[in-house]
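Same chain, two partners: chain A is paired with chain B first, then with chain C.
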Partner chain A sequence: MTELLKVSKLCIGLKPQTFPIVKNVSFALREGTSLAVVGESGSGKTITCKSIMQLLNPKTFQVSGSIRYRKTELLTMDEKGIRALCGSKIAMIVQNPMTAFDPTVKIGAQIVETLMAHQRISKRDAYASGILALQKMNLPRCEQLMDSYPYTLSGGMLQRIIIALSLIHEPDIIIADEATTSLDVKNQNMVLDELEKMKRNGIALLLVTHDFGVAAKLADNVIVMREGKIIERGTVYDIFESPREAYTKELLKASILKRGNCID
Partner chain B sequence: MIELKDLSKRYISKNKYGKKLRVDALKQLSLTLVSDTSYALVGESGSGKSTLARILACVERPTSGEIWFDGKNVAAMRSKALRLKRKEFQMVLQNAQSSLDPRLRIYDSIAEPIRCLTQTSRSDERKMILEIAEKVQLPEALLERFPHELSGGQQKRACIARAMSVSPKFIVFDESVTGLDVTLRKQILDLILQLNRDGRLSMFLFITHNIDVALYMADNIFVMKDGSVIEQLENAASYGDFRHDYSRMLIESLPPRSPLHR
Partner chain C sequence: MFRYIRKRLTNLIVVLFGVTVLSFLLSNISPVDPAEAYARRILKSPAPQKIEEIRLKMGLDLPLYQQYINWIGRCLRGDLGSSLLTKNPVNYDIAQKLPATMQLVAIALFWILISFIPIGIISAVRKNSLFDHLIKGVAILGISIPSFWLGFLFLFIFAVTFPVFKVIDYGNIKSLILPSLVLAIPTASSFVRLFRATVLSNLNKDYVVYAKARGISSNRIVWGHVLKNSLPPIVTLFFQHLGYMLAGSAVVESVFSLKGIGLHLLNAVTARDLPTINGCVLVIAIIFVLCSILADVINMVLNPRITDKEEGLYE
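After this line comes the complex of A and B, so read on.
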């Protein structure tokens, strides 16, 4: 299995005083495996993802360390290279599907726009491959979907469209940043099943979540973050069965709601 | 006691050709909620949970049906009479940040229901607010801040304090912990249970799509689908108590508790 992504000694600071937000974070992601990053709000999970996608504004953030995709260093890459890579080979699924789409443009037009930005393709072909991508996600009535506005669709539906869209360019890595947090359990289950299928097809998953259930279902390895630092790492079985850090134990305990232990 | 009889709610929207579309959010729903009892309501998105919450909190009126509370049909009340009744029903919404007025200090947000719905002197009002803030574990210093200066958990506590400030008989929590991280979620759930135990919040309906949360919060659970209640449980303690196929499906959709149960 080849190593797809290697993040080493990543430090992110907030300018001008370079207030540290992410401190010395290192991890690697191999083909067909999944890594879950868990931790509470404000622990630096999302910032780490954004720095991989080069979405951080260099005017406000100071990023140091190294992020390698296969053999290429992303942090020193020029913008043209980043554009070719991020969005196609490394795809990201964001937390809130409702705000990820432009509310004034129909789904179909947005899919066509995305496709045409990444490859030389005619509008008609882009439309056709958009429909094909939606069909692959088992979405119903795809032609009708292409012709609807985002607000007429449910959150679960939109999230599946986003996944379909991120899969079009056959990415190697998918970063799912709290991809199921705003969905109800039924839709969450559908989205997780799709992600699992992708993992079986050899795509590497980086799951960012505070939900231990999601990690339990999908992850091979887990890292626990707190205040910008990785405080514990291991296989998913290690973390669930024999967590070492008190903080991990606390998170696990809080994630499982059991009557009787509510007020200690 | 609150009694709902044949409650229906129909929304009318238009499609792009201007043709009317009818959506029946609630269909002939009948429920009885007994005083001093906590209830939970589960169902997927679009099952009508929030519509029911909004009707119970008197924000919206049903298309047909009756809501009996204290011997009066609230659904048939005129707006003026209903205004006085609002004191008895309060609601806590999902998104704390957007449900607090960004231009009001937390103190004023919590004071708003008192000022609108009761006639209380400013000094009594201050006493009430300080007491309620202590109950929801919101430090006094935070009351003079604006919503954006508070963390998500503190905002949530402020919302609960606001709902409780007029000592309502009944509070609806509509997806109040969805999207919070696990530590914060547990803190807020435990706070509600603690308030319930202290008798400050004797009757509530907790709306959620997560059966784990429903089981944690209440013994009496309703399962809702497509605008009707399809299963009602008293003294529910575990997954095994759910019988309906739809409830079983909701349980099976829950992520596993451990990687060993994949």
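After this line comes the complex of A and C, so read on.
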């Protein structure tokens, strides 16, 4: 299995004093596998993910180390190159679907825009494939959805649209940053099912979560982060059966208390 | 949307009622007696009986509410009375003076429009760059310089030192370039500052991050999404300033010797020409309120969420 994504010695600091937020983080994501980055709020997991797509403001954050997608270094890539990768080869599912779309532009236009950013396609064709992508997600009344403004839709609906958008260019890697956090239980399960389907279809998943339940359901490997450092790593069985760090045990306990049915 | 516009038009009537009552009251409680002022204007030293005669003729002996009802009744029939100063009907005077000011304000608004959007956006995108710092300085200067001084400065530079324009010039667009710039600069400066701040706050929104993650180019994000989201507050302000400029063009008009409504109103105030004052205030108030309705309609097109909120479809 080839390594799709290799992060090595990633350090992220807050400018101007380069106050360290992420310290010496290294991990790899292989084809068709999934990796969960687990940790409490403020442990640096979201920042780590954002740095992969160069979503951090370079004026605020100092990023060093190396992030490779296949053979290409992403950290030093120019804006044009990284945008070509984002949304096509590497796609993202965001934490808060309610605020992810421009509130003043209809869903359809935003889907068309995404398609046209990555391929030579006419507006009409893009619109048609947008509808198709939504239909694949089992969304109801897709034509009407395309003509809706984001604020008229529910969070679960929007998250499904985001998932549809993430799959639209058949990516190698999907980064799911707390993709279930802001949703209700029904929609959480829907998102988890979709992520599982993606995994079965051979897409590598990078899951960022504070919820061990999500990790247990989807991940092959787990890394546990705390205060910007990786404090424990292993296969999902290692971590669940025999966690070494006290912090990991604590997180596990909290998670099991919350949703005991998830570890099976 | 149409329901909303209808609602606003109903509001217009209420606002205009308030404006007319206020301006009527204020001009009536002022210490100068209009009958006496009028009498002194037509006769050198009027006898007290003569003044009383005029007062009766002008209907100034009636109770205040009766005077107001008479006046508003005539207004509704399109008769704003006659100017004490020029003896022309007030309508006629306003129709003579308003177009010049409208033209002036329109050109000024054009300057504002083409300057603040690109400058504000570039300033925000390149925050803390040399350009940004320069613009910040220039904007503060633009806000704080009094417009009469700026007007004389422009005349001195562009009409005296380098005679590109004439000091006194009427009737062509060229003659309006300098005055419109003077009128535009303070407003444009404050717009640049506000717009830069709005764009900056929008650049940090979630939708910008997700658009990047979808692979949308920075240019498209800024000029498509961020611009559209940053406009509503400035649109409201823009149309408000249109009203301010119409009403407050007097300074610029007097510096550049333009015969517009601002100067006309100023002259009426100094001459205690009540019919003209009330007429001008009424016309400016109507324009003001219409502008604010226009601003709301444009904002609804920019951000449909506002419409739905107003109509109670969305909460």
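A few notes on this one:
In the analysis below, the second predicted complex is superposed on the first by the 257 of 264 C-alpha atoms of A that agree within 3 Å, B and C clash if a C-alpha of one lies under 4 Å from a C-alpha of the other, contacts with A are read in each partner's own complex, and residues count from 1 in each chain.
Just so it is clear, a contact is a pair of C-beta atoms (placed from the backbone, for glycine too) under 8 Å apart; a residue touches a chain by one contact, two chains touch by 3 or more.
All of these numbers come straight from a predicted model, not from anything done at the bench.
Touch criterion met: A:184 reaches chain B, while chain C stays clear of it.
By the touch criterion defined above, A:14 reaches neither chain B nor chain C. In the superposition on chain A, A:236 makes contact with chain B only, not with chain C. Of the two partner chains placed by superposition, only chain B is touched by A:216; chain C is not.
Applying the stated contact rule after C-alpha superposition, one finds that A:53 touches chain C and leaves chain B untouched. By the document's definition of touching, of the two partners only chain C reaches A:100; chain B does not. Of the two partner chains placed by the overlay, neither chain B nor chain C lies in contact with A:132.
In the complex of the two chains, the chain A residues touching chain B come out as 40-41, 154-156, 181-189, 192, 210-217, 219, 236-237, 240-241, 250-251, 254-259, 262-263. The residues of chain C lying in touch with chain A in their complex are 127-128, 205-207, 209-218, 220, 224-225, 228-229, 302-305, 308, 314. Against chain C, the residues of chain A that register as touching in their complex are 50, 53-55, 59, 79-80, 83-88, 91-92, 94, 96, 99-105, 113-114, 117-118, 149, 151-152, 162, 165.
The touching residues of chain B, counted against chain A in their complex, run 44-46, 152, 178-186, 189-190, 193-194, 209-213, 215-216, 237, 249-250, 252-262.
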